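Please find one structure pasted underneath; my questions will follow.
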Amino acid sequence: MIRIGIVGGTGYTGVELLRLLVQHPHAELVAITSRKEAGMPVAEMFPSLRGRVDIAFSDPANAALERCDVVFFATPHGVAMAQAPALLAAGVRVIDLAADFRLKDPAEFERWYRMPHGCPELLGQAVYGLPEVNREAIRSARLIGLPGCYPTSVQLGLLPVLEPAAGDLVDPDSIIADCKSGVSGAGRKAEVNTLLAEAADNFKAYGVTGHRHWPETRQGLSAIAGRPVNLVFTPHLVPMIRGIHSTLYVRLRPAARAADFQALYERRYADEPFVDVMPAGSTPETRSVRASNQLRIAVHRPPTPDGAPSDLLMVLVVEDNLVKGASGQAVQVMNLMFGLPETAGLAQVAILP
Amino acid sequence: MIRIGIVGGTGYTGVELLRLLVQHPHAELVAITSRKEAGMPVAEMFPSLRGRVDIAFSDPANAALERCDVVFFATPHGVAMAQAPALLAAGVRVIDLAADFRLKDPAEFERWYRMPHGCPELLGQAVYGLPEVNREAIRSARLIGLPGCYPTSVQLGLLPVLEPAAGDLVDPDSIIADCKSGVSGAGRKAEVNTLLAEAADNFKAYGVTGHRHWPETRQGLSAIAGRPVNLVFTPHLVPMIRGIHSTLYVRLRPAARAADFQALYERRYADEPFVDVMPAGSTPETRSVRASNQLRIAVHRPPTPDGAPSDLLMVLVVEDNLVKGASGQAVQVMNLMFGLPETAGLAQVAILP
Amino acid sequence: MIRIGIVGGTGYTGVELLRLLVQHPHAELVAITSRKEAGMPVAEMFPSLRGRVDIAFSDPANAALERCDVVFFATPHGVAMAQAPALLAAGVRVIDLAADFRLKDPAEFERWYRMPHGCPELLGQAVYGLPEVNREAIRSARLIGLPGCYPTSVQLGLLPVLEPAAGDLVDPDSIIADCKSGVSGAGRKAEVNTLLAEAADNFKAYGVTGHRHWPETRQGLSAIAGRPVNLVFTPHLVPMIRGIHSTLYVRLRPAARAADFQALYERRYADEPFVDVMPAGSTPETRSVRASNQLRIAVHRPPTPDGAPSDLLMVLVVEDNLVKGASGQAVQVMNLMFGLPETAGLAQVAILP
Amino acid sequence: MIRIGIVGGTGYTGVELLRLLVQHPHAELVAITSRKEAGMPVAEMFPSLRGRVDIAFSDPANAALERCDVVFFATPHGVAMAQAPALLAAGVRVIDLAADFRLKDPAEFERWYRMPHGCPELLGQAVYGLPEVNREAIRSARLIGLPGCYPTSVQLGLLPVLEPAAGDLVDPDSIIADCKSGVSGAGRKAEVNTLLAEAADNFKAYGVTGHRHWPETRQGLSAIAGRPVNLVFTPHLVPMIRGIHSTLYVRLRPAARAADFQALYERRYADEPFVDVMPAGSTPETRSVRASNQLRIAVHRPPTPDGAPSDLLMVLVVEDNLVKGASGQAVQVMNLMFGLPETAGLAQVAILP
């Protein structure tokens, strides 16, 4: 059994990690910390876990996390970078669900997160935890910066056409990512904006002048393409709890207009257990992945007035932002790091309706 | 492996059965029928099952259901009673999720369901599939009438104070069941009343002059109490997908006012894997059981103005209407019928948030 | 034109007051204060008011509220009682939408609101602002304690059977008020409990061991009945923005079982512009009053198994908690205080769907 | 008073028309027809109208619509074109909220609506009822094809940059309209897809291979631009009742990158009573126009990585699909046709929260 510690388990990615780990055949939850809730039984805060999680939140000072095999940080940005060095030194592997180890450039981190980076010397060894892109590096990693929810959907939506193996199919500077997320993406934080009475029966864009997932997505797409990639990224807030739907548009190179993108995507993801390329013509819905680690993709060529395909590729991507967009991906990464089957503990079927 | 057939799997209890059965260690789905959708792959109708269910709906005429060990009817009322006799004669066990085998009195069935009963001769051998009440009878049953969603919550909420072993604690004619259900309880049927644009951001009572679950609940409570029990039953429609919350009120006998109801409930349900008596003072929420087979109960004594407890017992019960209120209970019953661990395939943790 | 001031207009009752007052033919908004938001244009906080409200929030210190004809307090509890004495002394009428002037007994106020009352000497002249009960007193009042949202629905739901003129129809100690409210009732406050990701697709009771609207409702019902009345009050949270649905149960006196309650209610409310007694057999829905000042009532006699009416009266009441339950009622009261038509500015039709 | 008839008032645009017209100072509702509901009082179907609409649905055969000044068709496609010729011949003006008179080319109509056009000879005199584009033509029109909900938002969002007066600012073949609508847009029809249990807590695109509003929008934009305009149009379904949010992207001509688009939009719409250009940097939300005839626009230039504006213009548009997207626009058009103030009966403030 892998001995597991969780730092900061009182948010949505924390409780989702707990849900997945208590059903995982090889995981043993050793400690979960919360400075504010120390002493409170986990199942008292989250009654969904009654009878399944028997431990209480412990004070970070006493948590003996260094005796764990792996520690997940389900914390606000800035916490993992303060504690990771000591844990790594003690031989513990670290998976950060926040942003501390996502951006490779500490200046970029400081610009977007408005705090100095606490351990820039570790950025080099941190692996970006997107298995479909970095599987081999993840297997041997000791420190993971887990992708954000939006960036996961955009990168997996465009990977097949951007990676060099695909050839020069698209104009990488023409990408528009019109993304829509459920409210749980904002976290379990007392805020007026995400109250039900504010966010229900309502729809809006936000963060259009610069969302933190934008530089991360640019970095990821550029790494995939092997050249700088830009994109317009417009996040929107959907009055639902879970789910991300990314509608991606990219211009095709003239020579690529006859390419079979459906076949390209199916081939690229044929062996990926958590990426499902849907049949041609599909429009995936977020509930088809609710509470599961699946991500589903549909590939379209919007029509022109005369019925022929336009010069645009449109990719529709759905994921559960708390599972494939966060805690499920964290477990998938853990499985890889410890040599387990990649799907261990992640076979839940989506909840529909 | 138990060979399983499902008749009529295109509704919500059908897809929920499929979700649970594909994760069940001892179940093998052999056939699923739908006259209307014959030939359509199940995963095309329910993309949440892509990669998990490979078969298509088959025509009832060709389904060879008699080769199954058990057949679930996830159909409208009236279908099971037409097909059950032949299946039973072929040695197949039958679990009806609809109402055909719930009411013991065929006249009562005909009054409420407005159709003659097709096989009243089978009503005597049909077992009411509420494991916490009828566990032993279920083990040896060949034909199950599975309880309705509301009746499950009301019966399990009142079982500890109504069964004769509890003594004469309450006035069984004073019961008020003020119940609230999510919209999936109305089924996957094209109807105006349950459109999102009608039912969202809205709340109302319905069926107050006589809901079909009322006679079933009276029958069940009377069987539990060993005497006729009446109740006022007021269902309400909640703008949510899943979940039932029953708020139950019953007058205490004067001699019972000093009784420890919290202890009574905890004791009664101590060994029940799917009934959770919450700590005193709790107010359970439906999401704490969302997509799980748990049912949670909190026991209260509403206060009088001077702070003393009133002469009323109030019981709050939450369940997922599609799981413990339908398909999960069906699997629990199947486990009992086939000598499997009662919790097999039912260990899913509730989805929160 | 009536010169109007609003203290604390950044919450839901504040913005709702603004919506109603800008459409009111005799109201002129002079000042709106907020310590925290002083200087911010009202329409910047609430874009729904762009082009309709041109003033900014002003600092309470500079607001010259004493030059208004009436000041509404749409504030947390405790603010009005600090400022009302000076305003009243300056000849300004005061309508408090919070609880400072609802309870007649300062000890009861202190017990439930956990603060000493700032001006108990004013409680005697404060009028409880429920027009259907206190219309004449309101006309001449200078200080109004406006009813809470739940208490409005419960009192108007039971007024016809509790007032002495009705005779001894019901057992006033048998009342159960099972009430359900949308989330806006919790106010526009940064809180985890009412986040969309917590409260959506969910249902629960809360405050069952003692909600602040319970003593207020007891006081109101007792004043109506002319004798002490008790009730069990169970509030529940509904995943919707606006609306209260109160399901009220009360035992009938044996002699009253043959009474025509439908006729009694229709007669009692025949001249009330904002109380609508629906036809027999109706189940009112909250959206039928969404954003309007109407309150709708349906009167039922739950059946017994043999089809006869039981000895229980069930009353279903719906209102918009922010309109008839708060800001609309405040405008209705203002109309009475200033000799305007009671319905002035309150003719909005409910928003459906 | 203008004598008004409504054909087919049992859907959402019908009940919304009724809500607006009963509050209109110059409108008198004479008849409302429904073949299916003939005889039923309108307020019985829509309790929100109790006390406000006293008439019943009448049979189309007996409705004497030719005595009206104007008849609104709030019907499925195909009804208006069957009845308009006789009404027009009788001197009655006709406003069709469906699609019969939107498309100028009967072949295009037949291609998208799969029925022959019943009166192609009238298409020439039909005026497309978008006041901000066609105000003068509307004033003298006798037959109006009212714009669809999506097309209204897209056309008003792009009008300032597409009309020839703006100069050659944008590439009219680069338009992407990523649109999101509440579920009421699908109408009050019994359908599985828009059940609350299907559409709540869910998000998806639909109609991506060709939505009927696509040719209408192309026709409208082309008319505005004075040259053929193409666009990619992707509608999505949002789990909310009302509201459309259109996120529009269009490439700028190199020479236009320094233009002040904020000023351009403010200038263009300075005199429009129902189009609100929000301050720079805004992200409008649908609830800011809920139940009102306002449409709000925000103009953005998405940034490039170095912070400079990109070569893309992004326009965010919100409207209430049932008001400015349908029934409110119908009343606005009626006001113009009858020489009334354009805003008569349309001054409702949006409902927030």
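In this document, chain identifiers A, B, C and D correspond to the written order of the chains, with residue numbering beginning at 1 in each.
Rule of thumb we're sticking to: contacts are C-beta pairs under 8 Å (C-beta built on N, C-alpha and C of every residue); 3 or more make two chains touch, one makes a residue touch a chain.
Note that the structure is a prediction, hence the values are computed from the model and not measured.
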Q) Which chain pair is joined by more contacting C-beta pairs, C-D or A-D? A) A-D
Q: Taking each chain's centre as the mean of its C-alpha atoms, give the chain farthest from chain C.
A: A
Q: Quick one: report the Å distance separating chain B from chain D, using the average Cα coordinate of each chain.
A: 45
Q: Between chain A and chain D, tell me the centre distance in angstrom, where each centre is the average of that chain's C-alpha atoms.
A: 38
Q: Please compute the C-alpha centroid of chain C, do the same for chain D, then give the distance between them in whole Å.
A: 37
Q: Provide the list of chain B residues touching at least two other chains, using ranges where the numbers run on.
A: 12, 182, 184, 188, 197-198, 200-201, 239-242, 284-285, 287, 290, 353
(Q) Under the definition above, what is the set of chain D residues touching chain B in their complex? (A) 12, 182-184, 186, 188-192, 194-201, 239-241
**Q.** For the chain B and chain A complex, residues of the former touching the latter
**A.** 12, 15, 19, 22-23, 46-52, 184, 188, 200-201, 241-242, 276, 278, 282, 284-285, 287-292, 294, 296, 322, 347-353
Q.
Under the definition above, what is the set of chain B residues touching chain C in their complex?
A. 176, 178, 180, 182, 197-198, 200-206, 208-210, 215, 218, 230, 232-234, 236, 238-243, 245, 247, 249, 281, 283-287, 290, 300, 302-305, 310, 312, 314, 316, 318, 353
